[in-house]
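Listed next: structures, encoded as structure tokens.
After this come two complexes, each holding subunit A, first together with subunit B and then together with subunit C.
Then we have the complex of A and B:
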């Protein structure tokens, strides 16, 4: 139970197209993360799955059943809202049991489920408090608890951690991951934070401007991004790009390094900051001048400018001694180079 | 390239007359402003030395008093002193207006007002009109406030939905609030009187004409209906503001939980609207007790004393009747004022509680 299929989903709000035909299959028990910059349509897509909005065209199936025209109540899904959406005038216990009371479930069963969820989320002492008397992290737990007690087909989480401070976010992320392992229920998780996406997801759906750019496992996205957008979006700091012109299966990077590429015409090469290193004496590299050195202790982030005025980021291990204005050459291994054609698509 | 050309064209277009006009406006604007502000500037320059002198004498603390004096003077002359005078008048007797010609009678006026064998039967009271007015006001408030709160609640709920022409309907429901109560009374009298609009419609359908305002029941109902119509826009507005302050995602959470609409209303909307509803209830109570102008213009208190309310009683006893008795009217005002003070304190307490609830 818990597979979700989207077939050519489109959505427009009064003439503005927000989702341009999304096809996606989410397997039972999977944790899928929708990630993308703000305005990419990830929350809209989640609301369409939830049934809070209806798609302009296309179909949504849950466990093979077409629910495109079904209301949110009839889909058996539970949602955790970014704002938590806890009922402020009810205690935590009432918040947790409110949804169950709608189903005419026996009182004893409701009490048992609330007790189970409270134990699982360690909020047993908070049951008689109101949401206003809770901290952000506690509210977050209650919001998740309200979803858990319903025992839904799938969980939908809309940026659930974005209102928490960085430390708490890390803790909650780990707990959510553990929770998913324990419940083994399908989860769809929306975030703009690629670190959250990378750490939580079984598969990541990268969205941009209402289109799916790539769907894959976190490491596949990192190692083999399908296009320049995904390459730039996944991984921190961002990937460096160098424009070049390919001719006769060869292209030259700044500094004259020749690279084989199966294309001709304008192309671009991407390389992650972690995959650049200082060239050994006599080794060919991209010439660059240091503009800023950020020593973080374990690693050093180097901002540099290469020939052709391209800004380059380099992450070096340890604490190399470098000064602003210093000229140096940046070397790399060819297997770490990503090539993209003029349209930004990956060239293998 | 084409885009660039288009951009150049777009910026080049205002180069001619448009730009000259704009330059003229930019120069004329400040000049005009200076001319308009000149009197103000002159006045403040003239006042400045005087104020500096006062400040030097009074100090910063004293200046607070200086700035409060004009307002306090007006408030004192038109509110505080009349209240005190009214209180003093309530212990005097006779028909004279000036206080020094009036005789001190102690608590006699209050005794007269409260001299009753059975408070539930106005006719058993010495001042039966006072008790008739009190009874009428009580029932008026009871029915009018219930009607007002439920009608404005329903209207607010409807206007809160995403419907076509929402702005238009919000305006329509608010317009009566802008009318003067006398105008409201007149409009409805034209509709309800013997040769009025309503009877024209009724007789057109072949039914018998009803003399609405000469019937005890209809006249009382008309007073309730007309004052509700006149004021509901205001209360609808307060409730609408409260409804819009309820976060939308609470309703979405309820939708995900398959909550039936009636349960959403009783368990989510109503409790969260509680503070606004309490304010509306008490304000409606206060206004209901004070009912006078639109009802007086509409029915004149009739037929008989069927729609005579407390304020009208005070007005007639104090000023309008042949046997005027300012002392009795003053005593009745004090009693009515006591009821209003209790209601106002309730309102203050409730709005303070609502404020605290919002802060939490």
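Then we have the complex of A and C:
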């Protein structure tokens, strides 16, 4: 139970097209993360799945049943809002039981479910408080609890951790992951934070301007990004790109390093900051001048400028002795190089 | 106590000297207080005077009651006067009757000897006291309780219905998107500019055709839809996040349940404000009930008060005292609920 299929979903508000034909299949029990920069349509897509908005065209199926025109309540989904949207005038217990009361569930059953969810989320002692008397993390738990008691086909989470401080976000992330393992329910999670996406997801859907750029497992996205956008979006710090011109199956990087590439014409090469290292004496590398050194202890982030005025980020292990203005050569292994054509698509 | 004193003697000028703004604020504040409280205090003081004293000129600040003395041979107590005799001495005499510019008076200690005194030579003997008859008579001899019951009935049901219908309209106008919504709101708010006197005649004929003439529901029903209330509640409801409604929709709540269980409780501060306004409006309503009601047993308090003003004779003492009585609920509402008015209008409760 809990597979969700989107077929050519389009959505426009007035004359503005926000979602341009999204096809996606989410398997049951999967935790899928929608990630993308703000304004990419990820929250809109989630609201379409939830039934809070209706798509302009296309179809949504849950467990093979077409629910495109069904109301939010009839889809068997539960949603956790970014603002938590707890009912401020109700106690935590009333917040949890509100949805169940509306389905005319017997009182004993409601009490049992609320008790179960409270125990699972460790909010038993908060049940008689009101949301305003809770901390951010506690509100977050209650919001999740309100979704859990419904025993939904799938959970929809709209940037649930974005209002928490960094430390709490880390713990809640781990708890959400554990919760997903325990419940084994389909979850769709929207975030703009790629760390959340990478750590939580079974599969990540990268969105940009209402289009799906790539759908894959976190590591596949990292290792084999389908295009320049995904390559630049996934991974921190961002990937370095070098423009080049390919001729006869070869292209030259700054500093004259020749790389084989199955294309001709303008291309770009991407390499992650972690995959650059200081060239050994005599080794070929990309020449660059250091503009800033950020020593973080365990690693050192180097800002440099290469020939052709391209900014380069390098993450070096440990604490190498480097100074601003120093000239150096950056070496890399060819298997870590990503090549993209003029349209930004990956070249294998 | 000392803090109050420090507060009162605080000056803007250095070293406790008077700055001109100190003078200006004191004048402004005292003047304002007199302006606001003066008429009300004058009303209360006058309501305690008897009819003769009300007609007196110059008027006195405090209510006085003329002393009377029981005199043998007279059934009712006679009013006492201090009389200046021809020889210059003064005596306290009771007045039997007044004839033209003279008064027949007797000494209470010697009831048989009647003395004729010019009225210019006597002054009434009186003490500060209240004419409590002003307050008790309307309760004992008139239909005050009937009027009170009608007023309470009208105020209560008009307020309940006002809150109910206005909040539903405000909910629709604030939380649903539909074609013409802004136009509808504009029309509703626009009716604020149409005074009752303009629509009095058409409204009367509508109420008359519906058969509500001379019935309390005829007073209540035309007043329940108020543009002020719709606007006030709508502005407040706009501050309730839409996320809550969507969460409720995901929680299987019907639109009615969203209104009843989510929107209404969260609008409580604004509802309190509207309730206060509605109570005051309906309680003080005069013109519309006067038009609709013609049977005496249906009169509300304000119309009932009007019955003390006859064509030939205005019973000011009853009008004044009953005005004070009808003011009491409104004053109490303001005293106890004013914090709702200020917080509600300021839109407090919004995080």
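Here is the rule we use: the second predicted complex is superposed on the first by the 348 of 348 C-alpha atoms of A that agree within 3 Å, B and C clash if a C-alpha of one lies under 4 Å from a C-alpha of the other, contacts with A are read in each partner's own complex, and residues count from 1 in each chain.
Following the convention adopted for this analysis, contacts are C-beta pairs under 8 Å (C-beta built on N, C-alpha and C of every residue); 3 or more make two chains touch, one makes a residue touch a chain.
The structure displayed is predicted, hence computed values, not measured ones.
Asker: Overlay done on subunit A, so just call it for subunit B and subunit C: clash or fit.
Answerer: Verdict on subunit A: clash between subunit B and subunit C.
Asker: Output check: A:79 vs subunit B and subunit C. Expected answer is one of first, second, both, neither. What do you get?
Answerer: Both partners.
Asker: Which partner does A:87 contact after superposing on A: first (subunit B), second (subunit C), both, neither?
Answerer: both
Asker: With both structures aligned on chain A, tell me which stretch of subunit C collides with subunit B: 23-31, 77-85 or 113-121.
Answerer: Stretch 23-31 of subunit C has C-alpha atoms clashing with subunit B.
Asker: Intersection of subunit A residues contacting subunit B with those contacting subunit C?
Answerer: Dual-contact residues (subunit A): 50, 52, 71-73, 77-79, 81, 83, 85, 87-89, 98-99, 102-103, 146, 150.
Asker: With touch defined as at the start, can you tell me which subunit A residues reach subunit C in the complex?
Answerer: 50, 52, 71-73, 77-79, 81-83, 85-89, 98-99, 102-103, 146, 150
Asker: Can you list the subunit A residues touching subunit B in their complex?
Answerer: 50, 52, 71-74, 77-79, 81, 83, 85, 87-89, 98-99, 102-103, 132, 146, 150
Asker: Using the touch definition from the top, list the residues of subunit B that touch subunit A in their complex.
Answerer: Going by the criterion above, the answer is residues 247, 249-250, 252-260, 263, 267-268, 271-272, 274, 360.
Asker: Applying the document's contact rule, which stretches of subunit C touch subunit A when the two form their complex?
Answerer: 241, 243-244, 246-254, 257, 261-262, 265-266
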